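Each structure below is given as structure tokens.
Two complexes are shown next, each including subunit A; its partner changes from subunit B in the first to subunit C in the second.
Let's turn to the complex of A and B:
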């Protein structure tokens, strides 16, 4: 029983990361006033590039680098379109997701045809137990026998909270999303900061995608991101634009996913129910969180800013 | 003007021109601003005052002309440039981030403190010193949205003072303030002057000029008419400069010939959305052909009274009758419109109009069910258009284009639009809240005339206003609202100071 519980909770932490990392990135974009609905596509780009580079070079880190590079390019295109040309943000995001969904399958086919056995990543990210801490009974086994990217992601929660509360760039980013004109009168180049927000969200999505294909699953399959990008997007709203609340939400989704995996093995409940649960929960959470006196939603979210000069 | 000061002017504008497409907002404006003076840019709405202020602050770039600071040519490419030259500006629409605390708003975009981190403690101490100097009591740790409008304005002013601004530009600083707040602000402006700060204030209110101004530059249609010393210039002269002709200010208020009671309130009590009782035992009557003024310091139940009388607010107790017929908030819209009540709400943008709809559509709101405007249950635009066009012309709404969206109108024109809609149907009761707030003298006078004309035709009018001059000019009787109670009704002979003291003490001190 203890073993099951530990593996369930350790798996929860592990499955939380793709949601959490992507949602944290989206937080930067949204705080700056840009909706990046292309998270699903960005994660797919990250997962695909990380896997391909890993497969061919045998280096997990080069895979991560390629994923980040690819996502940055995509974000540059997306950011340019929506920030400077004022193209509708949600529509561009969804179009981007559909484009990536199709093209990633296409390139995968091009590279591997229809393989009889799924090609595996050459060299995946290993588990990195933390000395001493990992020997703490129970907690250590859950929290400190994880991948490096897991520690990094949870560290980013604190860093992000600090960034938005205590740094100059943090309040500028908030100002760009709340009252860009106010930021401009203080000499801020609003649209550059907004692009920075989008680029940060791309880097975080790339990390999440890399983590999926070369840390926990070791292979790339079409549609493997499986809606996580959309859920991460919802998590930002669910978490009321607060990094710690977003983490709480992500843990909930991670737990449901871990439970679904466990049920697949033990078959207590039909695991399809648990596969459905995250989506049902997303809707429920959004309904519940919409009953709130003052929304924390950035006032100029999704609104293009044109400098008056 | 004669050159009375030997020192070179602090700021000099030379033939500054700003064009927006075909429109010339500022036409070759040359003026000097001296060290330590309060200089008012005076003129009608749309005379180019705000544009000029924005040019000085670097928010806009002049099409031609030059600006000199301390005799040196200065070209401010951005507000940041201006700030670097110790110029600060408080915009009419606050440039604040509502979700950040006051102190973080002060620090926004500044290179203050070490490295990438905010130095909140040092900033806090500095801000506290400024607050003490100007007797301001604001919790700067609160987020902006939790502060009142007056407090928000102070955060905006502190933003400029925080940067050690030697020149402070205020763009219509009292437009959003109540009368008391406005008076207090003028006091503080004099404090700033004593501290050696040069203040440039955009205004169209004579009262503010009397209180604080040293010199006044009058603008009309983008041109500088002249710069005068406030001490040596009468209101009549200023108004003449502003309007260009011998314009008689003020309105005639013929004696009343009251008719039957139109609006009757009997021991009315009501609560606000937080369930606090905000109106208590209010009893009064307004007769046909009479203007009944409601005076009071803002927040003493005026909004509640307006909403109760216009059947928007349920009553906790008492009864309201219009033409002898009891009304309640459940009244059907068509029964309500049969009562012919003209409603002029306090917030003309939120409650009086729909910005994204056209002038024509805004003009037929509330009357869209009228037989004239519908055919087979469908809006008959062909019938509506000429009527709407005539109304725009009668009320001199500019631009007089039916297809123009309401949000494109200036405050004065929007209010005229509302008035033309509400008064055109021969109303028998007019309920007006702050009908001239934020408007220039011309628009104000126009609206006063319309209200008096309706009164002459026998309409009853309930006029809720914070502007005592307005109440005195129009009202036959004035009631004072204090903490939700009607504490005193002045009939005929009243003095403003008497009313003022009842507004502040509610008769408790007497």
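Let's turn to the complex of A and C:
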């Protein structure tokens, strides 16, 4: 029993990372005023490139690098279209998702054909137990025997909170999303900061995608991201644009997913309903959020800003 | 920016049809060109691959009917989505509503086997549209009453319906002999084939009806208000006479849901005679691509859907004959959507001659 609880909680922490990392990245983009709905696509790019490079070179870290590079390229294109060219943000994000999903499965088919068994990469990220802390009886096994990327992500929560409240760059970023005109009168290049926000969200999504395909699944399948990008997007809203609240929400979703995975073995509830649960919960979360005040929403979210310089 | 160049781009919100068509045509050529470049990685003759693609989409009678079969759900969903997009509502729930409609149709087909054919067929149509509309209605209510953006709600509902349909397939309606499909629906609920020798079934009549409805809707006061709402929800909020804005949102989303449900019923009762997850080849998103590519105009959407349907049905033959995998069509589809969006945006710019030195 204790073992089941430990493995459930440990898996919760592991499953939280994709949601949390992507949502944190999207936080940077949204605070700067850009609705980056292409998260699903960027996670897919990250997952795909990471797996391909890992498979061919045997290095998971090179895969991470490749994933970040690919996502940055995609985000540059998306940012250019959305920020400077001014296309409608949500539908461009969806279009990018479609394009990237199609391209990924195409290039995967190009590389592997239709294999009988799923190709697995040989080396994945190593588990890194923290020396002293991992020996704590209960918490140690849950919290401190994880992958390096897990620690990084939770560290990033604190870093993001610090960034937005105490650093000059963070406050400028918030200003770009709240009142870009005022920011510009102070000499801020609003659109460049917005692009930076989008690029940061791409990097985080790349990390999340890499983690998904390398650490959790160690393979790449077509529908792998399974809507996590959209859930992360909703998490930003549910977390009221606050990194710590987003972490709480992400933990909830990680818990659900871990529960679903464990329940598949026991078959108490039909597992399809458990698989449904994260998505249904997202809708519930959005409903609950709509009753609270929306004052944390960046005022100029999704509105194109035309620089008058 | 200081420009000494005597021309500049200026935003101009009037988009004459000719300019939009020209831009769309240019963008299409660009897309196909880029796509051909991608195909160069796999084959030496991308143009020949295109030729194979289109010839096997329209070659003989059977192939044309296959193309039309692929076009049907795309066009149905595209028409429904165009009404939503005109209202400025991005309803991504096509996949979920299609599956819901399919579930409704297969329910009639599996259980109500004793009814006279006319009644049974009517029931499949009604239930298909009803289930699709209801599923879309959840998102519509959340948007209308609570102002929750329909974008994520519909995407989430897609996944919920996907897993629910998986549950119904694997637990309730599984056909032991054909894996992942339900049993075949009873004969009285199969839709009649209109042109013998092809697979053109009743669904095409319903498609023409829907086409007429959408064209007519555009010319009614309600259609006008939908368009106004799409251009500016704030401005129209108090001026609507036909419906208040909440009911308008409900209407367009239920309409799109019903159209998608109808597409699902077509797939089940008209074409496959069974239900499975494979009746939906991501038609929800393809419908949106068709709607955008067709410029939200019914005739344009019909042309775009035909193009997408041809691409889809010719791709398999292309794969067999030239070795280019058929998933390259997904890439093309994504490119077409991005291109259509950019073309729409480009249409809002106008090249204007300035007087020379401008320091704006």
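Keep in mind that, in the parts below, the second predicted complex is superposed on the first by the 307 of 309 C-alpha atoms of A that agree within 3 Å, B and C clash if a C-alpha of one lies under 4 Å from a C-alpha of the other, contacts with A are read in each partner's own complex, and residues count from 1 in each chain.
What we mean here is this: a contact is a pair of C-beta atoms (placed from the backbone, for glycine too) under 8 Å apart; a residue touches a chain by one contact, two chains touch by 3 or more.
Since we're looking at a predicted model, the values are computed, not measured.
With subunit A as the common reference, the superposed partners subunit B and subunit C fit together side by side.
When the two complexes are overlaid on their common chain A, residue A:117 makes contact with neither subunit B nor subunit C.
Between the C-alpha centres of subunit B and subunit C, as seen from that of subunit A in the superposed arrangement, lies an angle of 80 degrees, given as a multiple of 10.
Legend: residue contacts after superposition of the two complexes on their common chain; A:169 is shown touching subunit B, with no touch to subunit C. Touch criterion met: A:187 reaches subunit B, while subunit C stays clear of it. Comparing subunit B with subunit C, the partner in contact with more residues of subunit A is C. With both structures placed on the common chain, the touch criterion links A:102 to subunit C but leaves subunit B unconnected. In the superposed model, A:81 makes contact with subunit C only, not with subunit B. Smallest inter-chain Cα distance, subunit B versus subunit C, after superposition on the shared chain: 5 Å. The residues of subunit A shared by its contacts with subunit B and with subunit C are 309.
Only residues 1, 41-42, 90, 92, 142, 146-148, 151-153, 155-160, 163-164, 166-167, 170-171, 285, 288-289, 292, 325, 327-335, 337-338, 341-342, 344-345 of subunit C touch subunit A when the two sit together in their complex. The residues of subunit A lying in touch with subunit C in their complex are 37, 81, 85-88, 90-92, 94-96, 98-103, 105-106, 109-110, 226-227, 230-231, 233-234, 270, 272-273, 275-276, 279-280, 282-283, 286-287, 290-291, 309. Interface residues of subunit A, counted against subunit B in their complex, comprise 166-169, 171-172, 174-175, 178-179, 181-188, 294, 296, 298-299, 308-309.
Residues of subunit B that touch subunit A in their complex: 59-61, 77-80, 83, 89, 91, 94-100, 104-105, 107-111, 113, 116-118, 120, 145.
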